[in-house]
Amino acid sequence: MRGLYIGRFQPFHLGHKAVLKKILEEVNEVVVVMGSAQDSHTPQNPFTAGERLDMIYGALRDLRPRSYVIPLQDVDRNAIWVSHVVSMAPRFDLVYSNNPLTEDLFIEAGIQVRKPPMYRRDLYSGTIIRNLMLQGGDWRSLVPEEVAAVIDSIGGVKRLIHIARDDLK
Amino acid sequence: MRGLYIGRFQPFHLGHKAVLKKILEEVNEVVVVMGSAQDSHTPQNPFTAGERLDMIYGALRDLRPRSYVIPLQDVDRNAIWVSHVVSMAPRFDLVYSNNPLTEDLFIEAGIQVRKPPMYRRDLYSGTIIRNLMLQGGDWRSLVPEEVAAVIDSIGGVKRLIHIARDDLK
Amino acid sequence: MRGLYIGRFQPFHLGHKAVLKKILEEVNEVVVVMGSAQDSHTPQNPFTAGERLDMIYGALRDLRPRSYVIPLQDVDRNAIWVSHVVSMAPRFDLVYSNNPLTEDLFIEAGIQVRKPPMYRRDLYSGTIIRNLMLQGGDWRSLVPEEVAAVIDSIGGVKRLIHIARDDLK
Amino acid sequence: MRGLYIGRFQPFHLGHKAVLKKILEEVNEVVVVMGSAQDSHTPQNPFTAGERLDMIYGALRDLRPRSYVIPLQDVDRNAIWVSHVVSMAPRFDLVYSNNPLTEDLFIEAGIQVRKPPMYRRDLYSGTIIRNLMLQGGDWRSLVPEEVAAVIDSIGGVKRLIHIARDDLK
Amino acid sequence: MRGLYIGRFQPFHLGHKAVLKKILEEVNEVVVVMGSAQDSHTPQNPFTAGERLDMIYGALRDLRPRSYVIPLQDVDRNAIWVSHVVSMAPRFDLVYSNNPLTEDLFIEAGIQVRKPPMYRRDLYSGTIIRNLMLQGGDWRSLVPEEVAAVIDSIGGVKRLIHIARDDLK
Amino acid sequence: MRGLYIGRFQPFHLGHKAVLKKILEEVNEVVVVMGSAQDSHTPQNPFTAGERLDMIYGALRDLRPRSYVIPLQDVDRNAIWVSHVVSMAPRFDLVYSNNPLTEDLFIEAGIQVRKPPMYRRDLYSGTIIRNLMLQGGDWRSLVPEEVAAVIDSIGGVKRLIHIARDDLK
């Protein structure tokens, strides 16, 4: 059994990793689809697909034999989005998602959707982490250390602060 | 050191695998970029990105700790293609390519390009393999057995024969 | 004389039908252009182009000999939008529109624009109907029964409620 | 039962009409999908979507209560093409097609495909008709008179001859 | 030395002209890139690329031997935007920009960015000018007279007022 | 009176310049539209829009007060191409073109088209010049010296030879 797990991973955090570990108690393998691959350098999507891949490859090193990661560009048409995912992703048996639209689209396409195991969503969230970066807070404790290393190496916090200034105007 | 190796992999064959093994004697890790990810169901590009990923994941299982595979959609504008690759791929240090255009574009962008080690290109080629499929020849001996298994499971030879009929008209 | 009438028809309602009947007192035939054909599964655009066509075909059965319905994808460039419409629609003589931008673009292109006959816009509006769907109100009395039948057959109200939940977050 | 019949209709000819009449002996209603709607002013695709709609509306006047015509822009990605058609077309039960790729894509998507009744394909073909137009031959006897009327009203033969001159160079 | 100066110029105003004059004290030539060339007929982007070019050509007549103006369509992908600019613009040595995102993208691409000389940004701004147009205020004193002449000749104020009405709803 | 003159200018040559001079005997000003701006690094379109702008700016220095040059990306839809040109180009009164499709599209849009003065098309042609580059012939005598200088500075001949090698395979 292979599951599919979709996220933007801006950035990949400990909550994502915990959920993936729990998913791998239910299925043999998981395909991690990194969505909105074309977006970067915005307050909501600061990191490029390539940078996010480096974060995830680092963070999932121990899960690698059972996980596959692919970047996916958006298509901006809900009615064809599922067949876009199916054509770009390796074969999968079911989808893990909490997002109502994602659920709806896969169910309408006849694909099984399961709620992913929850893991402290009050604490681990991309929005919270990006806000901590903007405010000089402790975002490092919320991400795998390999993710922090990538963010440091690309000057990610400085980039986010810089870009957010533009957005405020 | 991380190398980048680009191909369409229609399908992934033993020549690709041999080259990747040789590349991994020169660099620690290799990023395999599967280009023209959006194409499928044509005589030159019969397989979807997802199907090709399944082929490559199977064929590279032993190389997995040191190889990363990503699908890449075309942008159809040569002048921005390198920055498309850079934004979508994990960080890399040099590119392996024999294709003059690819070489040219990376070199103009200031990125190092190296000739990949050759491996019997007279024998192992996507064109040859697709022609063998069309003519009922022995294509199986030219691809890793995991690739043949994926092609069989999706009825790939039948699809190619069917589609090529359309193309002949 | 053939008129052109443009809307998104999310969903087609009794106000649309009343206006079309009045237009057909002024012109012989009317081309109904269903805009934003590519959108679906959002709170403002819950239904696909195909579903909306089924609604309109049902609702206009009695007007069919004098009405033509075509779906139209957006082009997202105002300056070329009129020539997009002209190239995709059958020949027409004038446009019925209350929308300032639509009016402006057709007038700048030298095409006659007429105000469509009004019909209780306080009551019949897509926004009002979608809100009634979300709140469990009586939306059925505002649409032709053939439209309600299509919405029921595709589980349209459930879809809208589900998707709107995503939007609230 | 509703069938789907796809063509480019450059132009719509008596063969198309004969096939549609035979299809309507097998199913109650037929959805006529006019593909490559975005193309015009080329030797293979001389007429705009709007012009072709006018031809088809004229030619199918007697079949109108049981036929629906929609223009469809291409998506240029085979793997998502079926879900593009499904999202844009009204509900249908089966597809009539002789085209191997079309057949393949619908069958892979689990949609029934039937061979359309044949009708003198040696005689009635868009290619033959466009060549007759270019050579001053008798193309009029191969199309419904309503189609000839539209082609005359837009100066279609002159346009085709003019454009083909460009193509020869 | 050639500088690059980017703006949307909706419309081009005296502040832009003053800045360009100051830039031309620092560099020999300046490339004026008119961004979002595809946008028009919206409250924030009322004028087409062609109309804006006419404004700028008029306003820069005296600077022409040392200035080049090019329209540039957006690409909507920050990570490839710099290489889009580079491929479309004549060769340049440095960029003048106050926009944090623009600065960031060029700096990440290794291109020098300089703050443009400031010139009364409290007074001269596209937003202020468009608001004055909407409210019947004195916008003419804020733009070169050649710009006012173009806006008058196309009925620009009337267009903006008309379109803004749509936006209010 | 302002004329519009369209070309790809791969590269701009002495024939183009001679024609422009003759056009400027008929009209006061000319807008030079550099088409297919998005193409580069192919055997038919070796140079980027920016490189071609540098060539043309150099070659037209003496005509600058009366000529305007703009790059134009393709839209790939003939039926909307004229309104694309109109929206992107400064106001113009007539078009100079020998291309049957261009002529046809502008005439259908009600815009005047005039044959440009001919100037030794047997000698001065982009195809001939690119072939001379490939074969080591004397291409320099066919282009303005400013164009040759740009081509030399970017290594244009080497690029073309390199890319053409790819195309031969």
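Chains here go by letter, A, B, C, D, E and F, matching the order in which they are written, and residues are numbered from 1 within each.
In the analysis below, contacts are C-beta pairs under 8 Å (C-beta built on N, C-alpha and C of every residue); 3 or more make two chains touch, one makes a residue touch a chain.
This structure is a prediction, so every number in the text was calculated from the model and none was measured.
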item	value
Winner on C-beta contact pairs when C-F is weighed against E-F	E-F
Gap in Å, rounded to a whole number, between the CA centres of chain D and chain B	37
Whole-Å gap between the CA centroids of chain B and chain C	46
Interchain centroid distance [CA atoms averaged], chain C/chain D, Å	26
In chain B, residues with contacts to at least two other chains	40, 48, 77, 79, 86-87
Every chain pair meeting the contact rule	A-B, A-C, A-D, A-E, B-D, B-E, B-F, C-D, C-E, C-F, D-F, E-F
List of chain F residues in touch with chain B within their complex	38-42, 48, 159, 162-163, 165-166
Chain B to chain F touching residues, read off their complex	76-79, 99-101, 103-105
Complex contacts: residues of chain B adjacent to chain A	37, 40, 48-51, 53-54, 57, 64-65, 68, 70-71, 73, 86-91
Residue numbers on chain E that touch chain B, as the complex places them	75, 77, 79-80, 82-84, 86-87
